[in-house]
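Chain IDs A, B and C follow the sequence of writing; residue 1 opens each chain.
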C-alpha cells in the first residue's frame, strides 16, 4: 500500500460523497435551462437530502430487515468502490479490491439488494420495478464486465489501476477499435445502469414507465436520503470510471500536492462535462418502450464482445 | 508509412467494417441501413487504400478507388433506387429472429469466425503483412453477419443488403490475406456483383408489380 | 487457339446478332446454328486434345484438357437439343399470348450468353475465372427463369438469384482462402491456375486448404443443386421456359459440378482422398434423400423432373466421392446421359404444358391424364425418356449407374452405395408411377385448356427422338468417346 494509494483512498470518497449530489444538481439545472425553465439551482439535491435526513425513520408494515438494510448496503458498496477505484490517483488504497471483477461485483451487489428491497415491500409497484431492474441488470452486468475486460486484455491485468496507467503511458490505444467499441458499449450500459433516458426516466412517477423510482417508492425519510445519495454516488462512480478508462489524463501518479490537486480538478471537470453531455443528450431523447430496451442492451453486449474479440484479433 | 501508424489505421478500418455490419443488424429503417452500408463501403476502400500506401502499390491504389466508387457510390445508389421503387415499406418490421436475439447471435458468430479462422491466422508469416492477417476473423465475421441478415430478414431490400454485406466481407478477407486475387478476377467479381444487384433490383420492382409488396412472406406460391 | 475461343465467341456473336436483328422468322434458327458450331468445335477440340494433350490460349487464361473438352461436348449436345426445339416453343408461346417478339428476342440473347458463360466456365484455366463464369450464368438466367412474369415465376427468379448468389459467394470465399494457401506455399506462390494448383497441391497448408475445400464444395454444390442448398432448384426449373429448363438441368448443374471435380483434384492432393470423399458422400446421400422424400407426393411434373435432377446430381456426387478411374469415367458418362435424357424430358414437359395448359400430374380433380391417347408421339417420347432416366438398358444411364455402383463396392464404400441404390430404386418406382398416371388412362372430357395445336412440330420431334437415340447409342457403345472419357478420368485422378 503506497502513500499515493492512501491519499487517494481518503480524497476520493470525500470528493464523491460531497460532489455527487452537486453533479445531480448540475444535470437537473442543465436540463431545466435547455427546456426553458429556471431550475431549482445546483444545490437543491443537497437541500433535499438535509431535509430528508432530518425526518423520522419509518418503514411500511410487513417489511423485513432486507428493506431496512438495503440503503446501507447500497451506500456501503458504492463507498468501497469510491475508495478503491482509480479516480484521483492511479494507486489504490486496497489494491486487490481495485480489480475489475471485484468492482463490478460490488456495484451489482448494491443493485441486487435494492431490487430485493423493492420485492420486500410486497406492493405492486415495488415488484414491477424490481423485475424490470433485474431484466436490465441481467444484460448490463455482463456487458460491463466484458467491455472493461476488453481493455484489460492488452494490459494483461484486470487491475483497474494498471489499465488506467497503461492507457496513460500509451495514448494511441484510445483510438484503437477496441477502445472505441468498448467505449460505446460502456456508455450505453452506464446510461441503463444509472437509470437515465432512454432506458429509464429519472424524473417521472408515471407508473407505466418507472423502473428505479418504482423500486424505491416505499422509502421515506433518512432511508430515502441514503438511497438518493447512493444513486447519485453510483452515477459519479460510473462516469468517473468511464472518464478514466478512456481519457485518464490529469490523474495523479505521484503523491505531490500539485499532482493531487490536478487530479481532483481533472476528475471534477471530466465527470462534470460527461454529466452535462448526458443531461443535454436526454433533452433530445424519448424513452424507449420497455420491450425495446433488451434490444439496445443486447446491442451493447455485442459491441463489448466485439471489443474483446478485436483485442485478440488485432493485438 | 510508419509501422505503428499502419497498424492503427488498418485496425480502425477493420473496426469500421465490423461496427457497420453490427449496425445493419441493429437498425430497422431501410434508409439508415443503406447509409450504413455506404459507410461500410468507404471503410473497405480505406482498408485497401491503407494496404496500397503501405506496399507502395499503384495498382492496389487504383483498386481502392474502384472499391470506393462501386461500394460507397454505385451500389448504395442502386439500393436507394430499389427502395424508392419498393414503395411504402420503409422498415424491416418483423424479422424472423427479433433484433435482440439476432444481436446475441452475431456475438456467437463472431466467436465462430474467430475459431474457424485460426488456421488462416496461423499461416501468416511473421513479416510485413502480419497485422493484416491478424484481422482476417473480422472479415469472416462480416461474411457471417451478412449471411445471417440474408437468412432472417423478410424485406427484399434487407436480403439484398445481406448479400452485399457478405460480399464486402469476402472482399475484405481477400485483401487481408493476399492483397487480392489478381486484377482480372477482381474485375470479374466486381462486375458480377454489380450485375447481380441490378438483377435483384429489377426483380424487386417486378415483385412489387406482381405482389404489390416486397415482403418476402408473400413468396409462398412455390412449395412442396 | 481459334477452336479454343470459338465456343465462347460464337454464342456472344449470336447474342449480338439477336440484339441487332431481333427474333423473327429469319433469325429463329441462328441459335441452333450457334449450338451446332459449339458442338463442332467441341468435337474438334476433343480430337485435338486426345492427339496432342492439353492446350492453352490467351496468355494461359484458357486451357483445355480432356475433361474440359468433354464438358464442352455435353454443353454443345444439350444446347443443340434445346435450341432446335426453341423456335417452335417460342412461336407457341407468342400465339398463346404469354410472350411477345421482344420477349423472344430477350430470351434468345440471354440463352446465347448463357452458353458462352458455361463454355467459359469449363475452359477457364483460373479458378477465379471459373467462379466469375458460373456466377455469370446465374445472372443471365435470372430473367429467363422469371420470363413469364407471373407471381410464381418472379418468386422463383428471386429465390434462384438470392440462394445461388449467396451459395456461390461461399465458393468465392473458398477461392480466396485457397489463393491465400497457394500464396504461402513453400517454393513460391502458385496462384489460382487449376493445373498448377493440382500439381502443387501437396505443398498447400492442410488446415487452410480444408476450410477452402469445404467452402468451395458447399458453394459450387449450391449451384449444382446438391443438398443442403438445393431449395432454389425445383422452383427455378419448374418456372423457367422449357428449353431453358432443359439447359439448366442438363448442363448448368453439371458445369457447376465440373468445378467441384476440379476442386476435388486439389483437395485429394493436399489432404488425401478421405476428406473430399466424406464431404461429397454426405451431400450425395442427403440429396438422394431429399429427392426421394419430395418426389413421393409430387403433384407437378416439372417439379418432379427437377427433383430427379437433384437425384442424379447426388449420384454424380457419389461417383466423384468414390473416385478412381472407373467411377470417374462413369460419372462423366452419367453427366452426358443425364443431360440428354433430362433435356428431352424438359422439352417434352414444356410441350405437354403447352398442349394441356396445366403442369399438374393427373388425379381425380384434373391435371394431365391419358396423354397417350391424344398425343401419341409426345407421350411415347416422354415415356421412353423416363425409362432412360431411371436407368433401364439400353440407355447410357444404365451403364453409368452400373459403373458407379461397381466402383463403389470395389472401393469399400459398400454401405453408402447400397443405401444410394435403394433410394434410386424408390425414386425409379415413384417416377414410373407418376408418369404412367400422366400418360395412360382415359383422357379427360372436353377440349381442355389447350393453347396450341395438337400436331407436334417436326423440329421438336427431331429433338426428342434424336436425344433419346443418342442416349441409347451411348448406352450400347461409347464409341470414340470412350477414349476421351478415360483420358478425362485420368486427368481427375492425377495420373498424367
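The rule we apply is simple: a residue touches a chain if its C-beta (ideal position, glycine included) is under 8 Å from a C-beta of that chain, and two chains touch if they have at least 3 such contacts.
Because the structure is predicted, anything quoted here is derived from the model rather than measured.
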| item | value |
| --- | --- |
| Middle chain, criterion being Cα centroid separation | B |
| Furthest chain, CA centroid comparison against chain B | A |
| Centre distance in Å when chain A and chain C are each reduced to the mean of their C-alpha atoms | 65 |
| Geometric centre distance via CA averages, chain B-chain A, whole Å | 37 |
| Centre-of-Cα separation between chain C and chain B, whole angstrom | 31 |
| In the complex with chain C, residue positions of chain B that touch it | 116, 118-120, 122-123, 125, 143, 147, 150, 156, 159, 163, 166-167, 170, 173-174, 177-178, 181-182, 184-185, 188-189, 191-192, 195-196, 199-200, 202-203, 206-207, 210-211, 216, 219, 221-222, 224 |
| For the chain A and chain B complex, residues of the former touching the latter | 172, 175-178, 180-181, 294-295, 297-299, 301-303, 305-306, 309-310, 312-315 |
| Complex contacts: residues of chain B adjacent to chain A | 4, 8, 11-12, 14-16, 18-19, 22, 26, 98-101, 103-104, 106-107, 110-111, 114, 131, 134-138, 141 |
| Chain C to chain B touching residues, read off their complex | 61, 126, 128-129, 131-132, 135-136, 138-139, 142-143, 146, 149-152, 154-159, 161-162, 165-166, 169, 172-173, 175-177, 179-181, 183-184, 191-192, 205, 207-208, 210-211, 234-235, 238-239, 294, 297-298, 303 |
